[in-house]
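The letters A, B, C, D and E name the chains in turn, as written, and every chain counts its residues from 1.
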Amino acid sequence: MFELFAYGDAGWGDEILRGLAITVQLAIVTLPVGLFLGFLAAFASLSGLRPLRALGFGYTTIMRGLPEILTLFVVYNGAGLLLNKGLRWWNPDAPPSDFSPFAAGVIALGMVFGAFAGEVLRGAFQSLDKGQVEAGRAIGMTDRQIFRRIQLPQLWRFALPGLGNLWINMLKDTALVSVIALDDLMRMTKVAVGVTKQPFTFYLLACLIYWAMCVLSEVVLAQMERRANRGIRRAV
Amino acid sequence: APASAQSLRLGTEGAYPPFNFIESNGEIAGFDVEIGLELCKRIGVECEVVAQDWDGIIPGLLANKYDFIIASMFITEDRKKQVDFTNPYYLAAMTHVAPKGAGITEFTNEALAGKVIGAQSGTTQADYVEATYPDADIRLYPTQDEVNLDMASGRIDLQVGDMLPMLDWTRKSDDGACCELAGEPITDPAFVGEGVGIAVRQEDDELREKLNAALAEIRADGTYKSINDKYFDVDVYTMK
Amino acid sequence: MTKPETILKAEDIHKSFGRLEVLKGISLEARNHDVISILGSSGSGKSTFLRCLNFLEIPTSGKVTVHGEEILVKNGKPQNVRHIEDIRSRLGMVFQQFNLWTHRTALENVMEGPVQVKREPNAEARDKAEALLKRVGLEDRMHMYPSQLSGGQQQRVAIARALAMEPDAILFDEPTSALDPELVGEVLKVMQSLAAEGRTMIVVTHEMGFAREVSSEVVFLHEGRIAEQGPPDEMFANPKTEVFERFISKVK
Amino acid sequence: MTKPETILKAEDIHKSFGRLEVLKGISLEARNHDVISILGSSGSGKSTFLRCLNFLEIPTSGKVTVHGEEILVKNGKPQNVRHIEDIRSRLGMVFQQFNLWTHRTALENVMEGPVQVKREPNAEARDKAEALLKRVGLEDRMHMYPSQLSGGQQQRVAIARALAMEPDAILFDEPTSALDPELVGEVLKVMQSLAAEGRTMIVVTHEMGFAREVSSEVVFLHEGRIAEQGPPDEMFANPKTEVFERFISKVK
Amino acid sequence: MNPIEILFEYWPRLLDGALMTLKLTFLGALIAGLVSPGLALIRVQAAPMAQAPLRLYVSFIRGTPILAQLFLIFYGSGQFRPALEEWGLWTFFRDPFNCALLAFALNSTAYQTEILRGGIMSVPQREIEAAKAIGMSRSKILRRVVFPHAYRIAWPALGNEVILLMKASALASVVTVFDVMGRTRQIFSRTFDFSVYLWAALIYLCITAAFVLLWRQAERRLSRHIHAPGTPRASAQPFKESQA
């Protein structure tokens, strides 16, 4: 049994670890992309401009309503085709360019993360105490000062739990990239199953690895939340 | 990619033993891959092997994720609309596979109505099953591996697969021992077409010509045969 | 004492929310050392009026003048938007719910305005803030966060915060009504001492005691209009309008 | 009038939260027609004591007897757990925050106890509930949800809900302190009329007026003990303890 | 082919997929909806030791990709066929639909339990006290006060969960259950026509939109007492006012 997981040519330990590395890389690269999109979406939906608001609303609503796997396929299959068509149109002699599964994964997962994060951030903005904003106005602060000095520092505190959940979801969603042939943890597991014919063993192993990552994330997030709430709740 | 490139990428599935599969050291190997790499050598380029799930294998070529597909793909009219094929590099037939002692002898829609029939999704086998047995309970799997896995665990009564991999599976693997080939080989040209070819993008005529030339070369000098013999008892190029 | 000088003047303030006209033309003048109590039953528009004075609500029409700086509003559009922040920094405001910034300590709450709005150097602002917190009896709570303070203490921090801007006048909107009865006293004491110092204050309140004993003028709002106005002794002794009479009898 | 009969008796009630002893042995007896006001500063244990009477808090030790039914508590374990629901249905309770069931109308709130606990037929319970709501002046609000009622109205529904159980005594925990000053009057009026009817009531309150004029006995709690107790006139006229004297001076 | 032709040729397959998506979602949510109230109560009330297995289950489900869970149940059960046959469970696991449904129901149960637990915990303690104060029994309090409130509070979150479940059902095709997504991939691998994805997106958005409308309707009904017309100013609770 244990030789199955051995590290090296005979066992699957090294393949699965390599898959895990891809999974972690994918999640870590996606996070800033998703957060950036999330902030854009939140600002768009809170903006005073109607078209911008509509854009923000459309993006968050549609992306949240579509299965992640559909988004992934659209990006992976569609974007590659479009990219090449676009390039040809620009320069008929352009060499066909490459659109790697990794990039597709980052873009698709980032778009999904961004849509949800947009809502989390918008909600956090709106749950900031209006009284505190008024107190800022009442001493003559400008809107920018109010945003920077009062809203932004507290935004983090309100948004952190929601963003933490999104991170964990995204970590799990990376498993979907296995269907577009990125050699992540899930795909390496499938490969191992294909060869060893031991589906239960290997899928369970994969589950346990994902679980461990999520539990670890939860621990770290709880720590961050505690820090963010310093001084907010009573010590007792 | 221009055929003059120094290196090319070879796309294959990696879940279709013995033609293409992933070994426990993570390398992709198999008949398709060996032939493909040999052809690269003859053209004079380095080749990198890229694994791609079957579902997306043609889109992947069109999106330039690799430069040609050598993945036991039948040359069919539908596929020709999207990609160009080289000359066939082996001939093939499809076959039914059933659990040993299942006693299925008649292969008509009526006889198989209600039976659970499996095949890999997106393949000519799947097309064949769907067209021939509309009244059966048809299950389509992402990979051939999974069809086999489920056949071994007894979820399906019958499957249709490529002749050679099925031969290999039923005779050489442990889990394949559950099952045996059933009925006559399926050679209906409407499904099997002209045989199995290498797919390239339609604009890459030069690459296609080079591949054809290299194929003829390895066929002529016996390299093909030595690879063939590592995997099969018969010469798959002629099926004789 | 200097001679009475007009600090804040509101002329014919109107305010509607949608189709509901809440303020129907209110004028009020506060001179140096005035302590004006605004009374009125719930919904009469007291808070709205107070908030119009420093443009937390933009009046529908009217004119507000603070220390010579005037803003005229027509059709809900202030003519001199630039001056709004200026006027706000000249008028301190103390809210019913204190509205302290929960992510800052008491001291930081008090320093924020001077440093960020008036651009005072940090050290200077800190000294002043410490002095002010001592003034309201909180020298030992300066580094606590609002959530660690009682309501009465929070409200005293809010008063110190308003004072830190060295305002020409301070507006109070029911500063004690969110407090437990026992904590009311400490805040009223601070307000009383501010009045004794000669600060100009406008106070919306339900505390009849304060209105009677501390204020120099009482304004009674009824349905968006000033129904009665005058020195407290006179007004409470013989109310002229029936509504005010009923109001006094109900509240105590 | 019937002759005084003991309705509720609490003997030597102790209550600790963790290591904090909040009640340090309190005994109290309420007879027919008694209206007992419990005074005390914040944190003195008034609410806790009241909640021990109907076991919303389980005392650490002591004995509560309601109408002959007694529950003895030792080491935080009541000896007669079965009787708790019984005792509760004999003691009405009116909370500071009203605690109406927000998902039921006023009428449904009042009917809930009789129908669900006392198993009265629906129609009968409805008639009674309607009569009670009329009694507290809410005949035109019966089908409204709590969120559609003012605080004073909600508190009156809560009183009707307590009355609907035909309790032997009603406990009030600061029934007016969550109300706007203007709404206090309506609730006090209803309570006054209940007292006049001869209902047995135990009232935790900050309303000195009510304590003085309506109650037959005043109990002053200080740090978990009864510091002073007696008829209101006497107590307010000459407080015997320093703490009570200080208390009266602070609250008014 | 243009998008319309694709739809014209393949609509029966897409419709078939849509029905499967609905069936999986509805049955999965329903089973979870029946099981979760009991589990939620355990989560709120039971001793920590008694909760341990439940917490482990919820944590596992929430911490692992549903794709992995699907594979684990479907292909994993195949590995244990002899044992399952012995217990008479193989007939259940033999059918891929059952396996997929089991995975989704297990998944949704975990999430619904947590949501409902949150709902139960945010029932105003005071209203429970008021019920105790008139002498209601525990079970009555649950039925008359706690659950009506908890469902109202949890309703929007439960709706979200159903939508998430519907999206998750797009993975069913990996175990040969062909929902909208499965059909779409099948059509795409035949036509390589991108527009079929757009039709799939449209189908999902329509299902979601219809569901959201229905759910809102029900929510409005559940919260009559909050959105009741003619609500006066909440003068009763000066604390709540400015926080709204």
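In this section, a contact is a pair of C-beta atoms (placed from the backbone, for glycine too) under 8 Å apart; a residue touches a chain by one contact, two chains touch by 3 or more.
All values derive from a computational prediction rather than experimental measurement.
A.B. asks: Can you name the chains that touch chain B as well as chain D?
C.D. replies: A chain counts here if it touches both chain B and chain D, which gives E.
A.B. asks: Average the CA atoms of each chain to get its centre, and name the chain whose centre is farthest from that of chain C.
C.D. replies: Following the centroid criterion, the farthest chain would be B.
A.B. asks: If every chain is reduced to the average of its C-alpha atoms, which one ends up farthest from chain D?
C.D. replies: Centroid comparison gives B as the farthest chain from chain D.
A.B. asks: Between A-C and B-E, which chain pair shares more contacting C-beta pairs?
C.D. replies: Result of the comparison of A-C and B-E: A-C.
A.B. asks: Determine the centre-to-centre distance between chain C and chain D, using the mean Cα coordinates as centres, and give it in whole Å.
C.D. replies: 38
A.B. asks: I'd like the Å distance between the centres of chain A and chain E, where a centre is the mean of that chain's Cα atoms.
C.D. replies: One centre to the other, that is 22 Å.
A.B. asks: Provide the C-alpha centroid distance between chain A and chain D, rounded to the nearest whole angstrom.
C.D. replies: For chain A versus chain D, the centre distance works out to 55 Å.
A.B. asks: Just give me the whole-number Å value for how far the CA centre of chain D lies from that of chain E.
C.D. replies: 44
A.B. asks: Where in chain E do residues touch two or more of the other chains?
C.D. replies: 75, 77-79, 174, 185, 188, 235, 238, 242-243
A.B. asks: Show the residues in chain A shared as contacts by 2 or more other chains, in ascending order.
C.D. replies: As it turns out, chain A has residues touching two or more other chains at 73, 77, 81, 129, 131, 179, 190, 193, 199.
A.B. asks: Mark out which residues of chain B touch at least two other chains, giving numbers and ranges.
C.D. replies: 55-56, 59, 62, 142, 146, 149, 152, in rising order.
A.B. asks: Quick one: which bits of chain C touch chain A in the complex? Just the residue numbers, please.
C.D. replies: Where chain C meets chain A, its residues are 54, 56, 85-93, 95, 97-103, 105, 112-113, 116-117, 145, 147-148, 158, 161-162, 165.
A.B. asks: Touching residues of chain B toward chain A in the complex: what are they?
C.D. replies: Touching chain A from chain B are residues 1-2, 14-15, 21-26, 51-53, 55-56, 59-60, 62-65, 142-143, 145-146, 149, 152, 174-175, 201.
A.B. asks: Which positions of chain E touch chain D when the two form their complex?
C.D. replies: 124, 126-127, 129-137, 140, 144-145, 148-149, 152, 224-226, 228, 230-232, 234-238
A.B. asks: Which residues, counting only chain C, touch chain D once they are in their complex?
C.D. replies: Residues in contact with chain D: 41-42, 180-182, 185, 206, 250-252.
A.B. asks: Residues of chain E touching chain B in their complex?
C.D. replies: Contacts found on chain E: 75, 77-79, 81, 90, 94, 96, 173-174, 176, 178, 185-186, 188-190, 192.
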